[in-house]
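Quick heads-up: structures coming right below.
Heads up, the next two complexes both have chain A, just with different partners, chain B and then chain C.
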Partner chain A sequence: MQRSLNIDPGKCTGCRQCEMACSYENEKVFNPSKSRIRVFTFDAEARFVPYTCTQCAEAWCMRACPVDAIRINLGTGAKEIHNDVCVGCKVCTIACPFGTVNYNADTGKVMKCDLCEGDPACAKACPTAAITYVDANWTGLDKMRMWAAKTDSAMTAN
Partner chain B sequence: MGWAGKILRVNLTAGTVKSEPLNMEWAQRYLGSRGLGTKYLMEEIDPRVDPLSPDNKLLFATGPLTGTMASTGGRYTVITKGALTGAIACSNSGGFFGNELKNAGWDMIIVEGRAASPVYLHVENQTARLLPADDLWGTSVWHTEEAIKAKHHDPQIRIASIGVAGEKGVKYACVVNDLHRAAGRSGVGTVMGSKNLKAIAVRGTLGVRIKDFDAFFRATEAAKAVLAGNAVTGQGLPAYGTQVLMNVINESGAMPTRNHRDIQFEGAHKISAEAMAEKRPTDGKANLARNGACFGCTIACGRISQIDRTHFSVKDKPQYWGASGGLEYEAAWALGSNTGVDDLEALTYANFICNEQGMDPISFGATVSAAMELFEIGAITTRETGGIELRFGSAEALVKLAELTGKGEGFGAEIGLGSRLLTAKYGHPDLHMGVKGQEFPAYDSRGIQGMGLTYATSNRGACHLRSYTVASEILGIPEKTDPLATDGKAGLVKAFQDATAAFDSAGICIFTSFAWTLQDVAPQVDAACEGDWTVEKMLEVGERIWNLERQFNLAAGLTAKDDTLPKRLLKEAAKTGPATGRVNDLGKMLPEYYALRGWSPDGVPSNETLARLAL
Partner chain C sequence: MHYVVLGAGPAGVVAAETLRTADRAGTITLVGGEPEPPYSRMAIPYFLTGKIPAEGTHLRKAPGYYDTLGIGFRQGTAEGLDTDAKRIAFADGSHLHYDRLLIATGARPVRPPIAGLERKAVHHCWTLEDARNIVTLAEPGSHVVLMGAGFIGCIVLEALAMRGVNLTVVEMGDRMVPRMMNPTAGTMIRKWCETKGVRVLTSTRIKSLQSVAAEKSRGIFGFLRRKEAPRDSDTIDVELDTGEMLAAHLVVVCAGVKPNTDFLEGSGIRTDGGILVDRYMRTSANDVYAAGDVARGYDFSTKGHDVHAIQPTASEHGRIAALNMAGHNVQYNGSLQMNVLDTLGLISSSFGLWDGVEGGEAVEVVDHDAYRYLCLQFKDDVLVGGTAIGMTQHIGCLRGLIQAGTRLGPWKERLRRDPMRIMDAYVAHSQMA
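Now for the complex of A and B:
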């Protein structure tokens, strides 16, 4: 079964443990500027929002890549950058409507979330369960449950 | 590893910046942040220097755990000779600036001299430049952060700056980073202002490396589980913030009220954590919008608050309608209970102004309360205050003085002197409620005896963050002691002081110590850093740091005579609550404390003690 990162900004405190975990997983260093997931703070609105790649089924980045450096991992569904093929042309960074593919000037390649081969470091590091890794077919389940709980069962009782 | 291994030395007089290697031998003996910064300061300045002269230096120091996955590992410390106290100053802040500095590859910035005209320091990894700040001078912290990010086209820059308070010489000006996190006490922002340094703006993308990732991951995971499972760090602080203490301390009869005339505040329930969470009748929203975390923190005690738009303080000022840093317990007490003001929205507004203009809400609130007492006894009148009816309980007076003091205008310039100079100026020095010139925090030492010794001996002047014996005396952490007893408090204070110095120097938050002991911290430091970092070594480093700070103060001209409390706490008995009839019995604790420290009866470390600690 494929899984998806499920992000609930309401639970995020803005601590950036996810960014450190991601950078360590990918770069072997604690460095939020190399994280594939980023937390945004909207101070005046008192909101913290983690944001990363949603792994589009018809991925713009993958379609745009002229050298086929972005390929689907059939196990996880992640769109992965193959660094040995990537030429750093950055077309994918333009193609992605969400900005979640970015260029890494240190390597001359692009970087994006690859779901850590099915065991995402960000979700493991999150102290408040704002980031979880759930059944890709049921990312709406929590919201459905919330609304289900609000229904009036007495209506159909007779 | 753990350490970046580099110091950025900035000479404002000459306009130069240069990179130096970190003294790794000192790092083994003083760890980082507070301890290592103090070692550099001690070696590089004459402790007798005027704090506001170009000869004083200002250090921004991270610790070896700053910028790592250790919980709360995002902190930095500002170290200098304090403008408020003339003693060693060492103020610690969270937010995101410390991590950014470490990620730029620096353990520490040492600022020397004084710029001829206002400047700010721009650091981008290993490149540092001094740039003109004439257009920023005279503006707030909030404006400065926005303007620097816009100028460099980089929203990811992190900034530590002073507001107008620091420029105008308010004695308790802070350095503020990330809009509402502050290196708050002792006037470290005043020193920054005296150097014509408006801000330090940093962008770091180099990363932080550690010695042994597997061991580090195991140690930090285990330590995070301890925080999550603890009632204070796992539940109380995230839900209520430090404000969880308001009702607890009030009921304990240790809530300084109206400049310590009283010891319990009848309006405490109106300014407590519970009150912050209640929906307002006016707009249906609570004062508290949500909690927020500093970098790397899995506790998330920070308060993000919104002020009622119909409140008199902001009704014509939409710039204060958004959410920002809300009331911590210390601010709620100093701005509230100590001034007798129970208007939660007014306190929140005053707190916003403290953040915006960079001043310590503890010393500001305590100085306002001292001025209120001067006003009530007739030592000052509306002639001095510029027409302000400065009575206890007046939210209007508090709000007006926050605005004036933040900009150093009118009677605010006198409030900016701090309570020691203000009360002396008007002939009532006994009304200064503080030690070594620094105003007390939110615990009355008649009701919590150990805190009297804590305040009297704190190297940076009255402070709760040097040995928080409240943890033991009120909360029972790590074990319960009687708050009204003096027996055993000397040992308790020493133990807290030494351990706290070690926590602070690692680059983590002292709030972790509600749940962690050095048994939890040492494995994290050991996995990150070279050297055999055992609990014993951490404790020895902590004790060494405490004695080094003491040596700084003695060399600066302070003596055992400064290890005392105001007459009010030593002579005037508490009128209500569990401590009724009690004063602080400092005299019963202090000689034992000196002896335990290995200091002479007049508070000077003996040669044996110095030799034992390799000082």
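Now for the complex of A and C:
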């Protein structure tokens, strides 16, 4: 059974442990700007929203890549960037309508969530269980999926 | 059922793959017009800079990939199409019968009517073969003149500059990337390129290319027309309409492209600056579809039909066309014009109706010193286009907001005050609504 990241913004206190953990896990530095998950802050509403790639079924990033550098990990279902193949063209960063692929000028490549091979560091680091890694079928990802359906540029079946 | 996919660029390859998923039993033939495995033109600049070998441009990397999927790949240049007999005629005299055909033959560069463009050491930058030719000539320090600073020209500019050549770019428009960037953005990119040592001449035309050897006959007058003396390796003299002469070892021509539709003459397939297709990617002939740079597909923003000439549109077209060829009635919602460009480390992007709409509203922030710019175009409270420079984080949200047609409500006012909060607006709508 594949699992996915379930994010419950209501439980997020804005401590940014997830950003730290992600950046350390993937880039070996404690630098939130290198994190693939980002916590958005809405001061007016006093709300925090952790946000990252949902490994969407449409995989716009993967379909736009000119050199086959984004592939599906058959174990986790994650769409993973293969750094040895990526040429840094950034087309995936404009193709993903969720804004969850970012360019990293230090490496000349792009970064996105890869579910840490099935053991996501952000979920482990979150002290309030705002981020959990759960069975894909019963997560609260529905909201995001609905949004994805709205965005689907590609087609309406009839 | 025999599906033939003519053209092995991204549109053709995605179509062949989609056909395989949609129809396990059908016969699929993919035809490429160049003596290469299916590759991506977009990756050529990275081959030029040495970041990847030629194989790095190949669209799919696994050995035996097409065989494994049961996709027959062959080479051949189509010269004619008989839509009644459902037969393609190739340059080598062979023929191929199809039940359903996808035309994905892309585009080819145009050669403007300028005297001397047929000279040696003048190349387009469109195919892998062009790229191999450029690699041998674009040595560090050599004089290179680039004709055209459109989107493709600017990508090639970056690759040439990174090879360490002495580069001059000549653009007849009044700014760089005139069809993707407004004057503020185009000027900012130009300034940046100039600080990086590239000479940029806008509103300038190349009048002719001559042999440097002819220099002697021009004597002192020839000498006076130069800003820089020729090097021994220079073989071409580029004459500008300003009167200046530029000596060059290599001239690269990026002066636009036109769709590969010549072989359709007499086929009855309707074209008008590209093959006309409906929202199911069908052409005017039965069982013939078209996709990618060769097709005037449906545009999400304008609700009209246009050639986008970009990779994401080509692969979307390929997928939609293939689904319809395999019998799934799928209507295309249209693609969004969008580009991302890296000019020597300055990253810019544009989306949709970046130039705005009538009765719409633009908000922008510009910081010339930091080379940062963001312009958002609205119609009512819906984002319809955007331009960004120096922004690489979460930039895809512009596409998301435009294509979802999100009504921004109170966020419109917030964005008016601070356009940089665009990703906040996106997250607020997608996660907190």
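Basically, the second predicted complex is superposed on the first by the 139 of 158 C-alpha atoms of A that agree within 3 Å, B and C clash if a C-alpha of one lies under 4 Å from a C-alpha of the other, contacts with A are read in each partner's own complex, and residues count from 1 in each chain.
Here is the rule we use: a contact is a pair of C-beta atoms (placed from the backbone, for glycine too) under 8 Å apart; a residue touches a chain by one contact, two chains touch by 3 or more.
Computed from a prediction, not measured in an experiment: that's the story for all the values here.
Peer 1: A:N31 in the overlay: touching chain B, chain C, both, or neither? Say first, second, both or neither.
Peer 2: A:N31: touches chain B, not chain C.
Peer 1: Residues of chain A touched: more by chain B or chain C?
Peer 2: If we count touched residues of chain A for both partners, the winner is C.
Peer 1: Between chain B (first) and chain C (second), which does A:P127 come into contact with in this model arrangement: first, second, both, or neither?
Peer 2: first
Peer 1: Considering only the touch criterion stated at the top, classify A:Y51 as touching first (chain B), second (chain C), both, or neither.
Peer 2: second
Peer 1: Given the touch rule stated above, what does A:V91 touch, chain B (first), chain C (second), both, or neither?
Peer 2: Second partner only, chain C.
Peer 1: Which partner chains sit in contact with A:V67 here, chain B, chain C, both or neither? Use first/second/both/neither.
Peer 2: A:V67 contacts chain C only, not chain B.
Peer 1: Indicate the residue numbers of chain A shared between its chain B interface and its chain C interface, in ascending order.
Peer 2: In chain A, residues 45 are touched by chain B and also by chain C.
Peer 1: Please output the residues of chain A touching chain C within their complex, sorted ascending.
Peer 2: 9, 38, 40, 42, 45, 47, 49, 51, 60, 63-64, 66-68, 85, 87-91, 93-103, 105, 143-144, 147, 150-158
Peer 1: In the complex, go through chain B and note every residue touching chain A.
Peer 2: Chain B reaches chain A through residues 67-69, 71, 96, 99, 103, 156, 179, 204-210, 213, 224, 228, 238, 289-298, 300, 304, 306, 322-324.
Peer 1: Where on chain A does chain B make contact in their complex?
Peer 2: Per the touch definition, chain A meets chain B at residues 13-17, 20-21, 23-24, 27-34, 43-46, 48, 125, 127-128.
Peer 1: What part of chain C is in contact with chain A in the complex they form?
Peer 2: Touch list, chain C to chain A: 10, 14, 40, 42-43, 46, 51-52, 56-61, 300, 311-312, 315-316, 319-320, 323, 328-336, 338-340, 342, 345, 347, 349, 351, 392-400, 403-404, 423-424, 426-428, 430-433.
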